[in-house]
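What follows is one structure encoded as structure tokens, with my remarks underneath.
The first chain written gets the first letter, and so on, giving A, B, C and D; residue counts start at 1 in each chain.
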Amino acid sequence: MTELASRVAPPYPPLSERIKFYGLWAGAVLLLLVLPRLFSSGSALTTFSLIGISIIFSLSYNILLGQTGLLSFGHAVYYGLGGFLAIHAINMIGANKLPIPLPFVPLIGGMTGLFFAVLLGWVSTQRSGTAFAMISLGVAELIASSALILRTFFGGEAGISANRTKLIRLFDWNFGPQIQIYYLVAAWTLIAIVAMYALTRTPFGRMCNAVRDNPERVQFVGYDPHVIRYLAFCFAGFFAGIAGALAAINFEIANAAYLGAAQSGTVLFSTYIGGVGYFIGPIVGAIFVTVLSLSLSDLTSVWQLYFGLFFIAVVTFAPGGITGLLMMHRPLIKGGALGTVLPYYLISLVPTLAMIAGLVLGIETLVHHTVNPGEDPNIRAFGINFNVSSPLTWLAALVLIVGGFFVARKTWIRLAQAWDEALTAAREKGHST
Amino acid sequence: MTAPAIEIKDVQKSFGNISIIRDLNLSVTQGERHALIGPNGAGKSTTFNLITGYIAPTSGTVKLRGEVISGLRPYQINRRGLSRSFQVTNVFANMSVWENLRCAVLWTAGHRYSFWKNIDHLPEVRDRTAEILADIGLATRRDVPAGLLTYAEQRALEIGITVAGGADVILLDEPTAGMSHAETERAVTLIRRLTEGRTLMIVEHDMSVVFGLADRISVLVYGHVIATGTPDQIRSDPKVREAYLGEEAA
Amino acid sequence: MLELVVISTLNGILFGMLLFLMASGLTVIFSMLGVLNFAHASFYMLGAFFGFQISRWVGFWPALFIAPLLAGALGAAVERFGLRRVHRNGHVAELLFTFGLAFAIEEVVQMIWGKSPVDFRIPPSLDFPAFRIFSTNYPAYKMFMLLVSIAIFVGLLIVLKKSRVGLIVQAALTHPHMVAHLGHNVERVFMLVFGVGTALAAVAGVIAGPALVTQSNMAALLGPILFVVVVVGGLGSLPGAFVASLLIGLVQTFAVSMNGSLAGAFGPLSPDYAQSWLSDIWGVTVAQIAPIMPYVLLVLILIFRPMGLLGTRET
Amino acid sequence: MRRWMMVAALLPMLGGTAFAQDTVKIGYIDPLSGGGASVGEVGLKTFQFLAEELNAKGGILGKKVEIVPFDNKTNPQESLIQAQKAIDAGVRYITQGNGSSVAGALTDFITKYNDRNPGKEVLYFNYAAVDPVLTNAKCSFWHFRWDANSDIKMEALTNYMKSVPSIKKIYLINQDYSFGESVRSAAKTMLKAKRPDIQVVGDELHPLLKITDFAPYIAKIKASDADTVITGNWGQDFALLLKAAADAGLKVNWYTYYAGGTGGPTAIKQANLNHQVFQIAEGIPNLGHPPADAFEKALRAKYDFSLFYPRAVNEMRMFAAAADKAKSLDPVKVAAALEGMEFEVYSGGKGMMRKDDHQFFQPMYIASFGERTEKEPFDEEKTGWGWRLAAKIDTDQTVLPTTCKMERPN
């Protein structure tokens, strides 16, 4: 290395940073190991497995959206095809007694995703922007419709099922119990996260960012943006295939819903809500959206409404997603200015929560009146009892919404001011990021 | 005798019925600094776009060191050793200055689309990027996102990206546009240093820059080169005086 | 044979015009604001339910005017207080905003009108067969639908070509960035456009509601077909959307009327292939794949002619 | 009340397992949001009504019956998650009906679950998924079906049709998925065997819930000169098909599976097809069977819908009877008691849960929908029109052989 580079180039991270970095990964491994000891019920394990699958799927989607700037409406195609091939593979391996244990089946899904991405990607990635989005939409509709027509392969709308325990055993595990599936998914999730993280730190990964920022200029530093988009598409397809195969292993069934628009929409949601600008964003989003979609429908019958309102709120107030919102605080923490903002947070929290509570109260009472008229007016929503026929409830809802809003708005303005001051103070100390 | 760095022969370009470039003939010899001047709308940027493959000529050929490059895609031309900057700043706005320059170094360093190498562990890329960074004087701004740089800094980065790949034919499109006098002087020094030993073709409106920097000048009027020569020849060329300098004098 | 051709053509045109009726608002919004408005179908549904409710109180004809006005006002409000804020966060944010909106609207409609279909009837004044061809009746209501479609097409064209606002919109359709720099009150124009677009969706809803099924899932069932119309027609082109609607209507209708399959053309496969994926492909009839034809068209158009049939700029 | 589950659903996340039970929990897994919600909600309320009926008589073996709703959004994967949640919440009996894809996934899941968790078995009561495969190739000891599968319905329907001489040309139009496919193939083979003189002049499959304009299909039916149409269509595909037929002035008789489904009667009335639409079902209002009439009245007094699921009544009452017979709520014992059990069904007459495949057989009724006489007291969906009995098919006329090779637990 030249003397100049050691002076000008970004320094290699010191040992302490590297320890922190590897410590983080080690911590993640440890967490994944102990998680099932803390939460051992069947549905907790299922939830964790689904979160892991969703993490891989969302990260693969972010290779397209966050890193290469490609908005896809059809990413589930590669997820689904990976799932179908995995199911067929399990059946075939089981029937022919091939010496392939279950943990390697996700690789088959990945290769399937890769294969179809290689096949369909070249024409899809010729253009970026809306044209790409619309092609992905068209292709997704075509494949999803074909899934219902080609019954032998896709099993019609009933799908294809398999028995994952019929494969040769590895370490004497038959992968029947959910806990074993959890460890399988956890291991693959770790592998996939490491692989996709490593990918962002390669020349190709950086050129993806360059294509996202400015495809025109990329051409004038020697790269063909189409090739970069295509490669990114293939990688995304590969990891989506792995996720699909894991889902197929988890459910022991693959059907047309894997390929559908809803699945493609969900991954777009998770990724964006988590934050496309950060590697960790989709992970946060996957955890959040999976838990939300699994539990919200138990809490209220109009979960779709809350879901919709929540997404509207996120895209309006937190364009960087949840991660973006958290990362905003980094300069403040580094500059030691967080303490000056915190009180304002607490102050605005009270009326904001009041407003949200009022909104929920209003919605739930309204729902009760329109959906279940004439039933017991004492209902329980979000674990709180109240009487919907009492005018007091209506009044309380109204007061909470209107009063909460006006007070909250005042506190938000104060909060924004405090925030700006704190940020300026932090910047002056030289912590801009 | 070596082939000219760039040779444009009988190039026509029309959009619909409007012909922008007519019978364009231009030759830039290797190692010279060649300025392309002309009134607004003469087709200077279009000429750059034709050379760099951004648009294809309706007819005629463009050669780079004797090889025909017209009809090739921009990245193919770039890989043959021709690089350009843009009139409007055109950097990777969300990436840091360091990342910007490194992206420009990768292809010629032979790393292409490689997805198996850690980008931080490529010593020759690191050295070359550091060199350019120091050259354009942005070492202290290394980690700032390009979109947050000042205008002059962005222009410097723009030139840095253009030369970072080591192309031996450099095209600069109005590199000093919108700069103050002092900034312009610094930019000219920078250009002079960075293009040492390479072929430079430059479009510029600032005549002091043109006449101070260029070995030869071509004058483009209505998509047609009306004169080519040394600064002195151009100064005294009556056609140029009439068509261009004459206008300014009047 | 002639009978089937004539009737299929007629049906194709009628279906195409219904598509255009639904897509006309979207083409204006999508082309001008660049917003992939996934809530467009939701406004179409709102139009149907508003129309249903209002026609119960004051009759169908007043509803045909009041419902779109309401939906349009709602749309304008969404643009003013929601989308405008989101706009600076980029297109993906806008798209997700409309996604969220679609979710919320569907649930609100369910809360108010329930989950079952409502009994939204064709007005008695139009409930008779208009004419008869080859023993097939064509109801007057369908003719009315056709007329409204054409009226909207012609009306929009005139407004776009003749009025001042229309000229701004027209310019914005082809050069969206330029108009923003010209100092027109682009924000107000955008709000207006969004309002008009959603109002058009509501018109389609009021008219299609009685002819189809007015139910809280009607938005979701409509699917992304409207985007196909807009993109195939070409961004910024109203005539393009018109032609694309007709094309899709005709292609789909004629495909339905055909029974051909590979098996029909080349004879059945040998029994070795029975129950294999090959026999699936072999046995599929043209009629079966008719509804996915629009998507084939979409992909082909985007690959070979990215600006769409009559478009002026690339998507 | 589905809000019962609100907090309970989060508990399993914290590691809770089944606790001592003073209630019998029946997990109801069906769509409660999204496109299928209108159907799922009617089913839920029907089951809750039936639970109240049982509780009023002291519950099952003295324990209170509780219906615990789980929203599966008509998605098979989601159903499996919800089933897992239900099991964690102490549910040992699951009931589901909407969507054969969901049913297929659930049977598979429960069979494997019971196999892998001996002693914690779960039973699956299917009240409406009619894919024949569930009691044939994919049959399971843990699955019981109270609805007649689509082949049985076709057997009953064709047994009626063979006695109607005016039927000469039949057109088949069905949704392009496994149910539509089985309706179509069963119709073709059974008609050929029973009435070889009937011509099948058209055989159409169209995509599921994707068609907004049925006019081209109607044009084809018209061109084929058919006098009768058989369709398994439901929901929007049924309503739009009839409306398009009425618009074009198509005059045929319609033999259907789901004309009585949500929105169906409204569509028939709008299309003004007075007694031209027939439905095959295990029971309808207006049969004149007094206990059924009383039940119907009570249900309508409470909710704004009529009984669409007489099979759900059979299911719940029979479950109680089987538990009584087994003197236990252990699913394995209840399953054994249900096998081969005979039962007086809701609409009157004997029904039987066949041991070989766990398919319930019962009398079937063919009825047409239209204007009422005084003998038909009940109307549907406030249309003023109601069902009128056309024919009763006795249980023995509905029995079909099965290919099921039942694997019983040791």
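Miscellaneous remarks
The rule we apply is simple: a contact is a pair of C-beta atoms (placed from the backbone, for glycine too) under 8 Å apart; a residue touches a chain by one contact, two chains touch by 3 or more.
These numbers were taken from a predicted model, which means no experiment stands behind them.
Both chain B and chain D are touched by A.
Taking the mean of all protein Cα atoms as the centre, the chain whose own Cα mean lies nearest is A. Across the two candidate interfaces, C-D and A-D, the one carrying more C-beta contacts is A-D. Chain centres computed from CA atoms place B at the largest separation from chain D.
Note: centroid distance chain B to chain C, computed from Cα atoms, is 48 Å. Between chain A and chain D the centroid-to-centroid distance comes to 37 Å (mean Cα coordinates, whole Å). Here the spacing of chain A and chain B, counted between their Cα centres, is 43 Å. Residue positions 145, 149, 151, 302, 304 of chain A are each in touch with at least two other chains.
Residues of chain D found to touch two or more other chains are 33-34, 176, 207.
Annotation for chain C: residues touching 2 or more other chains are 107, 110, 114, 223, 288, 291-292. All chain pairs that touch, listed by label, are A-B, A-C, A-D, C-D. Taken together, the chain A residues at the contact with chain D in this complex read 38-44, 46-47, 50, 145, 148-149, 151, 156-159, 161, 163, 165, 176-178, 247, 251-253, 255-258, 262, 294-295, 297-304, 375-376, 379-383. The touching residues of chain C, when paired with chain D in their complex, are 3-4, 7-8, 11-12, 14-15, 18, 107, 110, 114-117, 119, 121, 129, 132, 135-139, 141-142, 211-213, 215-218, 220-223, 252-253, 256-257, 285, 287-288, 290-292. Interface of chain D with chain C (complex): residues 33-35, 37-38, 41, 176, 204-207, 209-213, 215-220, 222-223, 236, 239-240, 243, 247-249, 262-263, 266-267, 269-270, 381-383.
Only residues 1-2, 4-5, 7-10, 12, 198-199, 201-207, 209-210, 212-214, 216-224, 227-228, 231, 235, 433 of chain A touch chain B when the two sit together in their complex.
Chain contact summary for the complex, chain C toward chain A: residues 34, 36, 82, 85-86, 89-97, 99-108, 110-112, 114, 223-224, 227-228, 231, 235, 275-277, 279-281, 284, 288-289, 291-292, 295-296, 298-299, 302-303, 306, 314-315.
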